[in-house]
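Look for subunit A in each of the two complexes below; its partner is subunit B in the first and subunit C in the second.
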Partner chain A sequence: MHSSRLRGYGLYILPTFLVLATITIVPLFVTFTVSLFLIDVTSGLPPVWQGFYNYVSLLSDSRFLNSLVVTAELIFIPVALQLLFGLALAICLRERLAGTRWMRILFLLPAVIPPAVSGLVWKLFVIPGAGGLAWLSGLLGIDLDIDLLSMPATALATVVVASTWVGTPFVALILLSGIETIGKDQYESATLDGATWWQTHRYISIPTLAPIIRTVVVFRILEALAIFPIIFVLTGGGPAGATEPVNFYAYVTGFDYLQIDYAASMIVLFFLAMMAFCSPFLVQIARSAEGGAR
Partner chain B sequence: MKRTIASLALAASLLASASAVAQDKPYEGVTLRVLGTQQPWETELQKRADQFTEATGAKVVFDLYSLTQGIQKVTVELSSRSPAYDLVFVEASDVVRFGGGGLLEPLDDAIAADPDVDLADFLPATIDANRIDGKLYALPHFAATQMLYWRPDLFQAAGIDGPPKTFSEMMDDCAKLQTPEMKCTAMRGKPSTSENIWYWTQFLLGFGGSFVKDYPDDLTPTLDSPEAVEAAKFYAKLLTDYGIPGSVSASYDEVVIAMQQGDIAMAIEGAPLAGRILDPKLSKVSGKLGFAVPPGGPAGTFAPFTSQAYAVNAASKNKQAAEAFLIWATSKKTMQDIAANSSFVAVTRNSVWNDPAFIKAHGYDFGHGSFTDAYRDTLATADPHYRLPIAEFRPAADRVGAALQEIVTGQRSAEDALAAANSDVERIFRRARLLR
Partner chain C sequence: MAEVSLADTRKVFGTHTVIPELSLSVPDGSFTVLVGPSGCGKSTLLRMIAGLETTSGGRIEIGGRDVTAVTPSQRGIAMVFQSYALYPHMSVRDNISFGLRLARRPAAEIDGKVRRAAEILQLEPYLDRKPAALSGGQRQRVAIGRAIVRDPGVFLFDEPLSNLDAALRGQMRIELLDLHRRLGSTMIYVTHDQVEAMTMADKIVVMNAGRIEQAGSPLDVFDRPQSPFVAGFIGSPRINFFKGGIAESRGGDMVAVRPEHLRIVETGGRWRGRIRLLEQLGTDTLVHVTLTDGDEIVIRAPRMGPELQDAQVAIDCDDRHFHVFCDGQRVD
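Right, the complex of A and B next:
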């Protein structure tokens, strides 16, 4: 992009730029500022400058360090599963088996249900002894009477499953639209050359989809923590922090414990970490989009 | 239509000013807004609010939420200094963070002006818990504690004379009471200030430990002390060897159900829950229970204690009317009426505890300790600072609650888990400038 072009179009971009700046950059800046002061909202005392005290404090906060681990688990495991199931679903839907047309609508359902409702659905599903899961396991002759949400490992697993359930349809639909751009003739000629079903997908579908997969993964990663309402309803971050990612800990710190400055420092640190991780991919995506536009 | 409404409004305001002149209803035209929790007390109070309106003219509107949500909303309203609510719900541990910061209106003047309040009639701990630097910030209606529920029939069959008075007796009794079919006890195991910490603190204090070195002079946390470790080990042994399955994550609900179903021989649990445990429709053990003060340790008996109360928002525009309502709501007459005619038992006034109508309604006695006596005696031992009255108590106690769970599940030894929790609590206190 050349600066002369920027100058020419600058005026047109300005309103969008201003709106985006107000809703993204300004809050970030305010959050950062808040994190540098000791603020006690109940006492009415003026904020006290404390520099990077909160950030240093965070590094020895075992609950925060645990929430980082949980965050990583809640991002990478569900996204990997979403990709796996999404790809499988997309390929199945492409095969146009009987009934796949109305299945498309059904598959979309989890993606359009509000997350808080999804959380509630899963909570009801895993109620020990009375939920859908207990009923299903009863059909198989297993007497499942344990409370999955009460033990750290199973609670985390439940959140991962719910999160996968919510995210998979989106991945499947994007990948499906990608697959559908691949000409039928490609598959046909491959089949004529003796390629198996597996080989056609391994050597045609997946390589063609690679850039789409990359984009989808980045977006899912950025959005993985939008499962906040699910966690809120399902586990409340418990038991003992087993399902408490950084943003949930920040919420509890800010609104339950009223340590607003401390919560702000978590958010800032987390934002920086996410940007550091995702920006190379985002830049790459932006570059290829720009290249495509030319 | 618009005109009709306007003229109606005009008529109403004329009426209002007319009666204000008459002075028989001092708060005519005032609408008080109450922000609170959806609990039995509030439900009953709501039904009776008309009486207050009739006497003073002030209307009362209630916005009630679940306990956690209610506390959170009160926090946001008060700290933003919003005048939207005149009266707010506070637990004793919250009074310190709001009252100290000037967000609540001190009630001393209003109380002094009204001889009917009779502060001496309140259980002393409930008043002390709401007082900071000599100023009273809330009038308590609810005294929360835990007492010992026990099954005399099972104790007798096991050859035990009476309820345990000490922790070691409790452990010994459990060894005798437990059978392959029946666990000895149930307790809260879910990690949180309001669950396992609410239960465990009595062990901590009973074994001679404490959260900090010397409240309020030295707040250095002492959760890694030998006493704290001993208390944690005792709790873990009681829970794993003698607790119901699923104790690790049990909240008070599981304990109440285990008691109701006759699955256990004894439990230390909230006295206000007696209504549920004794309900013959829900409970298999109704009529089979004894009641006693919970056991203590070498350092004494420390039954859990907190109070729930309402306070006047310092930003309220109707402070006088709000004070009048609060005094009316916690008056002898109102409290007596509610306690004698509902399932609410956790009252804060001695006169109600001794009221014949109240004893008749709630004085469960099946020959092994009367409920009201045990409850009253338990409250008499109450330490107003069972929960440390500092704003950082909740994050600190939540952290210790997580450590207790690690100990119970065997993830870490008591020494390691508490040492880690102690250093986190120290960091939390240091951050809040409670430590140098």
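Right, the complex of A and C next:
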């Protein structure tokens, strides 16, 4: 019995484990190893051990420290906005207002467009004098002839808006499926108790959705880290590093400046920081999934 | 406590008329049961009284006040749903006190009312539990508790026992009647179960296709059904209908006899037939007979042995037990 169970683990779980290990754990280990050596890819010299020198250097690298701030801004502001708009949209879709059936399909559109294309769409949209934004502001009688991507604050705002636009439909659809599991009777009972529209959602919808909201936020944060394509197409990290998150700085350092050991140390540090932040949530999600399965 | 009256109330969904025009008076302090088959409009009517459905016409009064255009929370009613409608993330205490907390009542008042409701419904040990940790019967009690703390003039129940098993349903029926006696409030109760209707009601309202077929005391409805529909709907097993000569000789086009009023006789008898099936109920036996003209009838007889299966029998009934109908109306 015991040996057959072991064989079961070996046969069914080991291949999956090996694949996952190869594509996640091994690269992490390699990246960490690379970060401990001085590697000059242009000279062809062998790697030189330098220990944690890169990590110490990072702490005094103002561009890196700035990229940490930008990363935090590009994670938390869009995710907060996605949650806010996603929740509002989910509630509106649940109310089955006129036209919302078609809106469900429309809302999916930004979620299925590749991020690089989304970046391009937004780049075209904000082209000064010729883009959709200029046209829309023209309709309102405003002459908006400024390059939003040329100023730090507006460039960051544009990336935040694009990122929110890409992520909101996913949040809305997941929350909508959660809201639709709440019985109509619960809302009617609250109405009989004198709850207003806002109170009904404040005290029934949102608390019932709390576990789903937690899961969605964690996954959106993880997804927000992969904002790379939008930045790459839309701003290239500029102006003056205003929209340069850690992963973009690491990319530039590794592939443009060819300092792969320094780039690797950035990624390792960033990985550790994100794991420290997300682990408690992931553990909680795994626990609740286990409880649900039981 | 409050009287409920509906005058020419109508409900139309799009082009579909659910309730054509209905007038009903529910006496103050009564336990009135709306009963009828699925889709007859009884739940819609209850929801209209609650204010959860708008009325397409007519007037609804509660306690002498026209509430037709009043919001649900201002009607002085409380409703218990079939699904209990409890909030899964709140404790029993928070579920019961939800409405009071919304109304920002003083904490002492909320606490007192919750405690009183919990005491009436024997929920004190469960106040800090979540609904998921309660049995079906306890959940239903919490739903009733939520209604009690509102001190409503009228309690509305929408098939509240349908999700419970048979034994618990019987127990909850008694508890609800006990509650009605203690509170003395007007209660309107919707069910499709005629046993619930018969055992609980002061007044039964039998509905069919959005209309009231008959309203009265349970025994009056049972003893003097005003239409073949009521005769067929109230009573278990179902009443037996006969057409032809036996009906015509009594001045109608249809007669009905309850199974307990038919008896198997050795000689004579109005009908003859073959015993098709015997259902043993313990005290009685339900005898299903195929008559010589092909009609199927059922007789509730004292206990009979299985050896009578397929036996040829004669059946009779006293004249006073015939319910005579002509053109869908009772003929006396």
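Note that the second predicted complex is superposed on the first by the 283 of 294 C-alpha atoms of A that agree within 3 Å, B and C clash if a C-alpha of one lies under 4 Å from a C-alpha of the other, contacts with A are read in each partner's own complex, and residues count from 1 in each chain.
Please note the rule applied: a residue touches a chain if its C-beta (ideal position, glycine included) is under 8 Å from a C-beta of that chain, and two chains touch if they have at least 3 such contacts.
Since we're looking at a predicted model, the values are computed, not measured.
When both complexes are superposed on subunit A, subunit B and subunit C fit side by side without a clash. Residue contacts after overlaying the shared chain place A:256 against subunit B, while subunit C stays out of touching range. By the touch criterion defined above, A:265 reaches neither subunit B nor subunit C. In the superposed model, A:199 makes contact with subunit C only, not with subunit B. Contacts of A:188 after superposition on the shared chain: subunit C is touched, whereas subunit B is not.
One of subunit B and subunit C touches more residues of subunit A, and that partner is B. In the superposed pair of complexes, A:168 makes contact with neither subunit B nor subunit C. In the superposed pair of complexes, A:41 makes contact with subunit B only, with no contact to subunit C.
In the superposition on chain A, A:215 contacts neither subunit B nor subunit C.
Per the superposed model, the minimal spacing between any CA atom of subunit B and any CA atom of subunit C is 51 Å.
Taken together, the two complexes place no residue of subunit A in contact with both subunit B and subunit C. For subunit A in complex with subunit C, the residues that touch the partner chain are 183, 185-186, 188-195, 199, 203-204, 207-208, 210.
Listed in rising order, the residues of subunit B touching subunit A in the complex are 72, 75-76, 78-80, 97-98, 100-103, 190-192, 246, 248-249, 391-392, 394-395, 399, 401-402, 405-406, 420, 423-424, 427, 430-433. Residue ranges on subunit A touching subunit B, taken from their complex, read 38, 40-44, 53-54, 57, 60-63, 146-147, 150-151, 238-241, 253, 255-259, 262.
Partner subunit A is touched in their complex by these residues of subunit C: 50-52, 72-74, 77-79, 81-90, 98-99, 102-103, 146, 150.
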